[in-house]
Every structure is written in C-alpha cells, then in structure tokens.
Amino acid sequence: MFSVDYILMQGANGLVIGCLYALMALGLTVIFSVLKIINFGHGEFYMIGGYMSYALATLVGGLNPFVGVLFAIVVLLVVGSAFDALFLRPLHKGIVERPDEYAILVTFGLSFFLQNLMLGLAGPFPHRTESFLPGGIHVGSIMISGDRLVAAGVALILMFGLLLFIKMSWTGRAMRAVSQDREAASVTGINPVRTGNIAFSIGAALAGASGALIAPIFSIVPDVGVLPGVRSFIIVVLGGMGSVKGAILGGLIIGLVESMGAALIPDMSRALAYRELYGLIIFVIVLLFRPRGLFGEEYS
Amino acid sequence: MRDTPVRRVSFFSVLVVAGLMVPLVVQSSYWLHVFAMAYFYGLLAATWSFLDGYSGQFSFGNIALVLIAGYTSGLLAKYTGAPMWVGILLGILASGVVGLFIGILCLRFKGAYLALFTIAFAEAIRLVLNTEHRFTRGPAGLSVEGFFDTTSKVPYYYLMFAILIVSMFILYKMAKSKWGLFFRAVREDDDVASALGVNIIRYKVIAFVVASLFCGVAGVFYAHFNQMLAPNFGTLATMGLVIGMAVIGGVENLIAATLGGIFLEFGLESLRGFGAWRLVVFGGLLMVVVRFARNGLLAPLCRKLTGEEV
Amino acid sequence: MTDIDLKVESLKKHFGGVKAVDGISFSVVGNELIGLIGPNGSGKTTTINTINGLLKPTSGSIHFQGERIERLPPYERAKRGLGRTFQVTRVFRRMNVMDNLLVPALALGHGDRKTAEARAEEVMEFLTITRLAYEPAQNLSGGQQKLLELGRVLMLDPVLIFLDEPFAGVHPELRTQIHEYIREVHQAGKAFIIVSHDMDTIFGLSHRVLVMNEGQLIADGDPEVVRKDEAVIDAYLGEASEKEQLEGAGATGGDHA
C-alpha cells in the first residue's frame, strides 16, 4: 500500500517530533515528582514559549533564532516561579485540604488565564518564527526538515543537560530528596518551598523551550498549547508518573504512534483528524489496564 | 447551626417569584436569551458541584454529556421521523447511560487520574463529533428544531427556568437526604467512609449517573433552544467555564454553585465588549478564589440566607 | 450477646519486596480485650488495614462470624460488625459531629433518621461531647476528635473493634476517660483489639496481648507472661523507652476486669 520509504519517513519524523514531546513531558514529570501535582497549565507554558520566541524576534530583529529559545526559557522560569510562589506555596507547606483538587483548579485557572491573556495581547491570528535551518536534510532516501532536526537536537541537549543537573547538582539532589519524602528532606535542612519553586520553574521552562523550538514548524495561536498539554499528560501516564525514562520513552512512542497511525489509515482526511485519537486510546488503555504506566511505581 | 425552614422557604420563594417576573420587566430578546443561558450554566454548575463538591469526583466530562444528549436528540430528529419528545427522552437517556459507563470506569481512579480520564473522554467525544462530519455535520454545526414555533424567547425563558427550578429541587432534596451525607463522606475520605459501612461504589456511581442525567436535560434544552449544535462547544474551555462558575460560587454548596453559574454568565455576557479580557479576569478570579477563598464567594451568603449548611 | 469469632490464618501482605505482614495467625473468640503491640514498623497497622479491608492480603484467609471475608470490601465487613478507628484521626472535617455520627448509622440501614439521631445523642452523651453536636469536626481539639472517632465506630454497633493508637497524643486525663469508655463498652459485650505504644495502659487494660515484630507474631498470651518473654524483650532492644515501659508495665497494678 505505502512504500517502505514512506513508512520510514513517517517513522523518522515521528521520532524527531517525539523528542520535542519528550522534552515537554519531562517538564511535567519534574513538576509531578517534586510537587506531586499534575500541572494542568502545562500546555499554556508551551504556548507562551512559542510566543516569547516570536516576540523577541519581532522586537529585536536579526538575532539568531536560538536566542528566542533562550529567551522563552528565561521568561518561563520567571513565570513559573511567580505562579508557584503566589499559588502553590500552600501545597509545599502541606497545609491544603484535598490538595489534588486544589492543584487541578489552580493550574487549570492558570491555563484559562494564560490562553486568554495571549488572545487579548496577540489576537487570534497565527504567527510563525524564522526557520532554524531552512530546507531539508537527506538521510538515505528519507527527507527530514531542517527545522525539525535542529529542534530535536536541541531538545536532546536540553534533556541531557537536565538529567545531568538532577544527578549532579545540589539542587538536583534536593529535588530528588523532596520527591521521595518531603518531610524527611525538610528535616535534613532542605527547604521544600524553595525546592518546589525551582522544580516548577524548570518544568515550565522545559515546556516553554519545547514551544519555542516548535515555533518555526507550526503556527502559534493562543490555543496551540491545548493538544500538546493533553498529549503531555498522556505521555506521563504512559511512561509512568514521575519516571524520567518513562517521559522520554513515552514521548518517542507517542510521536511514532501519531506519525505512523496517520500513515496507516487510507482515508486521508480522517487519518489526520484521528491522530489525536490514537494517543487518547493509548491513554485510556493504559489508565484502565496498567495505570502505573511503563516505569511507574506500583504503589504511589 | 440547625435548619430554619421558614428562612429557607422564604429565600427560595423570593427567587422563584423574581424569576417568574423577569419577562415582564425585560423586553429585550437578547437579554432573555442571556437569562436562559445563564440558567443553563447554573444547572451545569450545579451538576459539577454535585460531582466534585458532594462526592469528590473531579470530572471534565459534563459538557461532553451535554453534547451527547443534544446530538442524540438532534440526529434522531434529522435521520428518523421521530417526534421531538422521543429524541428528547432518548437524549437524556443516552447521557445517563454513558454517564453510568464512565462512572463505573471512574471508580478505579482518584484525584487527578479521574480528571485526566474524563478529559480523554471529553476530547474523544468532541473529536468524533467533529470528524464524522458526514453524519454529524461536524464543525459546520447541526441545526436542530426549536421547541416552540416562535422567534420569541419568552417561552424558552420560562421553560429553562422551570427546568432549573425542578432540577435544583431534586438535587437539593438528594443533597439533604442521607444520600447527601454519604456523598459528603465519600468526598471527605472515601476509605474512612467505606470502613464505616458506606457502599462507596454505589454512591459514587449514583452521583455520576444523577449528574449525567441532569447534564442530559441541560443538553436537550440547549439543542432545541440554540437550534444549533457544534462540537467545539465541547472544548475544555467551555468545561472550564462550568468548573470555574461552580468553584467561584462555592463548590460545596449546590445553591451557591448555581448562583455562581447564573451571575458569572451574566457577567461574561455583559462584558462581551472586552473580548478575551473578560476570560482573563475569569481565570484570574478562579485562581484567586481557590487560593484565598476556597469555599467560594457566594457560599457564606447562601448559608446565611438559607440558614443552613446545604 | 452475639458470639464473636475472628479467625486469621497465615495472613500475608507484601508490598513488592517489603513483607509488612508475613504470615500471622490468631483467633478471637468471645468478647476479648486484646492488646496488639510491637516496635515501630512491625506491621500492626497493616494488619488492621488488611483485616478491615482497606488492603487486599497477598495470601492467607480471614474468617469473621463464620464467613470468609478477605474478598469483601470494607463496607461489607463494617456491616457485619467489624469496626476500626485510625491512627491519625480521620474525622469528616467539614461535616459536623452529628453528621459524622449519622453516617455509619444510616449506612447500616437499620431504621430511619430519627432513630439514628437518637442513637447519636446517646453516644454523644456517653462520650460527653453532646455540646459539640453541631460543631464542624475540624473545629474540635485533637482529644475531642479522638472521642468522635470512637463514637463513630460505636454507631456501627460492631461486635469487634480495632482501635489504632486510641491514646496517642492524648493528655492523661482524657486517656483515663478513654480507658474507662473502652472498659464499659467491653463489658457491654464487644471485643477489642487495641494497638498502642502506651504500655502502661495496654498491660493494664488487656486480658491478652499479641506482639508483632517484623511482620510476624512473636507472642500471644497472658500479659504477665508476654511481658517477660525473651523474644519480646529482644524485639524491643534498641527501643529503650519502650523496653523500660515493658519492664515497668502493670507493676503498679492496673486492673484486669
């Protein structure tokens, strides 16, 4: 039906975009590990990242497009930190009743707030940023767009950097300690409030980086983050909540599934529309039959 | 504080009488439409309060159930010659059945997992409705026949008002009954409730089915009132409005949640000129209320006016 | 008075590699008053959670009143007369005292709201908390919440009650009160299994003591005998204060009513 080349190309594209999915999901994982909450505003951090990259390029012309990514990261670190300090502090202190409900409400409120803020500021019309690497790269008989390849490459570098940071740095160790046992960690002198703040900011920044990296590829609109947001939930559940390996592997898997899935349904218009559905189906299956995902803990 | 029935009955009577008199005072068709939609959102906010505030199940699925009911009724009318009331009944039933199914599945989930699962459900419904456009007319929208053969909004106003009053009465009675105590116990601490003899499975599912049935009622009203159904009504944004309304009003208090829905819908409509900014304020308000006034803005007032906990 | 009969056989509860409860067996016949002690982490609370139904056992069986119950959900066990309280009080915080008490009574389904309210009033009087009837539970002091938990489980009219640390963090006056309440209820025909680190009270109160260590039952019998048991003293080695309590417990002559 389809040529091997086509399937390979879809697969390659899937893996490449999967790296970006993984980056964003990793952000969600960091937040979940340390704060024990699912950030329902994660998609909007991605969206803001895209807009920040565009904003910088518009305000300061002629800059290397990578600076836009850096700018997005910085902005999201600030936004994440501010939101955490204003709204998530009670969670770190452990003084909230029904913390799950609180976290969903407050992060969902943020999602609402940010989406409409950008709608008000930037309007509903799509924006696009400059290409990182125009044209395509040929690998054998497969062609992958330069942008996607560069984006994936940077994503991999960022993920690698993050993992190093978590393993080696003092803050990284503090984050791991708090994620295992907040009270024990605070007894040993780690400040859970500050650690939580840092974790949330990092998580936000990773989502923002993902958005900035994808900006040249897809257009930016205020609700561009909704699907990626849902997708990052799917990935985190598939990989296992709180599992770094899971987030990365999950991202690649979902990237592949979406690409290949689109290739395998003959009816073109339906196939594309149902791309999202494949992810949702996997999501539901995992939730029903193996809620801890691939690498998650059995008792959480 | 114990029940003071007289205060309660007077409070509700005043509301009912006020509601009945509205069309005498408000002539504008546009504003009567807004009123009806405000009651619609009020009812939805009540169903959400029933699910989260009373039985502790944080669901993103209410709007999807609204669409299921509406589309069932609309599609039945379009493809079969069935009289409208058949579509309406089957629409409500469809919501109830789907709600039962989802509710049973949701038993295995807690907290955020339940929320995520219902998000998946809601998105899947929206996706399917959009994509099967050959059948559902997709994003272009399905047109549905109105209840009444008139362009006047007055009969629609009274219909939705009646639906609201009757629905609230039923939900309220349930909340005050022993079922209400069980729901609350399940919400507070379902392990403890179970250890004290409460059949948490039965009551979680009952809450889900009841909420779904009322979402269905709202859904068939919306279909035949708006006379147009579009899948994008079922985005997470719309669901977010409902959740926000219930929480800002007071999620643990059925009346407060309903009033939250009504007032906020009015607020949003009145501020239409400000475009997206009114939703920025809405989102901000939601965050601030959750952070600083978790019980909601209207709940304390409602308690005073009705003289009870609800 | 109802016959009381609990039989636990080779009960195991493993969490992955952790063997929280590793093959315990014991029986309760009639209205016994049993203390369940053991060093921290010995599996006492896990045992209660498994018997009451919050956790599913990895293996083993539990018979209660002649029925196998290990597959039943907690509410079915509660309806058959198995009650429990929690180590850290878990009252329904945003509901008032009366509503807290009504939940189990109405859940059992015997009689209507009026009867349940009357019973609740009796229980509140017994525990001298009547004046708190319409206070939200979260406004109660720690000790009052402990009393409310006790009252709630009594509303089930259970035949066998597990109390998990009923004396923890409670000031001496209230401790004596709770001690008295337990004795009175016991004399009315109910069996108790009480987990506590308060050696004095446990040895003073119980007719029989079970000792757990590292998931296993290492002693089961008369308090005096258990107190001097080598294995028991060994288990507490390193838990200095408890060891002292063991040695001094009951020496001031608590009563074995």
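Note that the chains take the letters A, B and C in the order they are written out, and that residue 1 is the start of every chain.
As a working rule, contacts are C-beta pairs under 8 Å (C-beta built on N, C-alpha and C of every residue); 3 or more make two chains touch, one makes a residue touch a chain.
Given the structure is predicted, the values throughout are model-derived calculations rather than measurements.
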Centrality ranking, top chain (CA atoms only): B
Chain at maximum distance from chain B, centres defined as averaged CA atoms: C
Maximum inter-chain contact count - chain pair: A-B
Whole-Å gap separating chain B and chain C, where each centre is the average of the chain's CA atoms: 43
Mean-CA-position distance for chain C and chain A (Å): 47
For chain A paired with chain B, centre-to-centre distance based on mean C-alpha positions, whole Å: 32
Multi-chain contact residues (two or more partners), chain A: 97
For chain C, residues that touch 2 or more chains besides their own: 93
Residues of chain B that touch chain C when the two form their complex: 1-2, 178, 181-182, 184-185, 188-189, 191-201, 252, 309
Residues of chain A touching chain B in the complex: 37-38, 40, 86-87, 90, 97-98, 100-106, 108-117, 119-120, 222-223, 226, 230, 233-234, 237, 270, 273-274, 276-277, 280, 283-284, 287-288, 291
Complex interface listing, chain B residues touching chain A: 52, 56, 58, 105, 108-113, 115-117, 119-121, 123-124, 127-128, 130-131, 235-237, 240, 243-244, 247, 275-277, 279-280, 282-284, 286-287, 290-291, 294
Residue ranges of chain C in contact with chain B within the complex: 52-54, 73-75, 78-79, 83-84, 86, 90, 92-96, 99, 102-104, 106-108, 113, 134, 152-153, 155-156
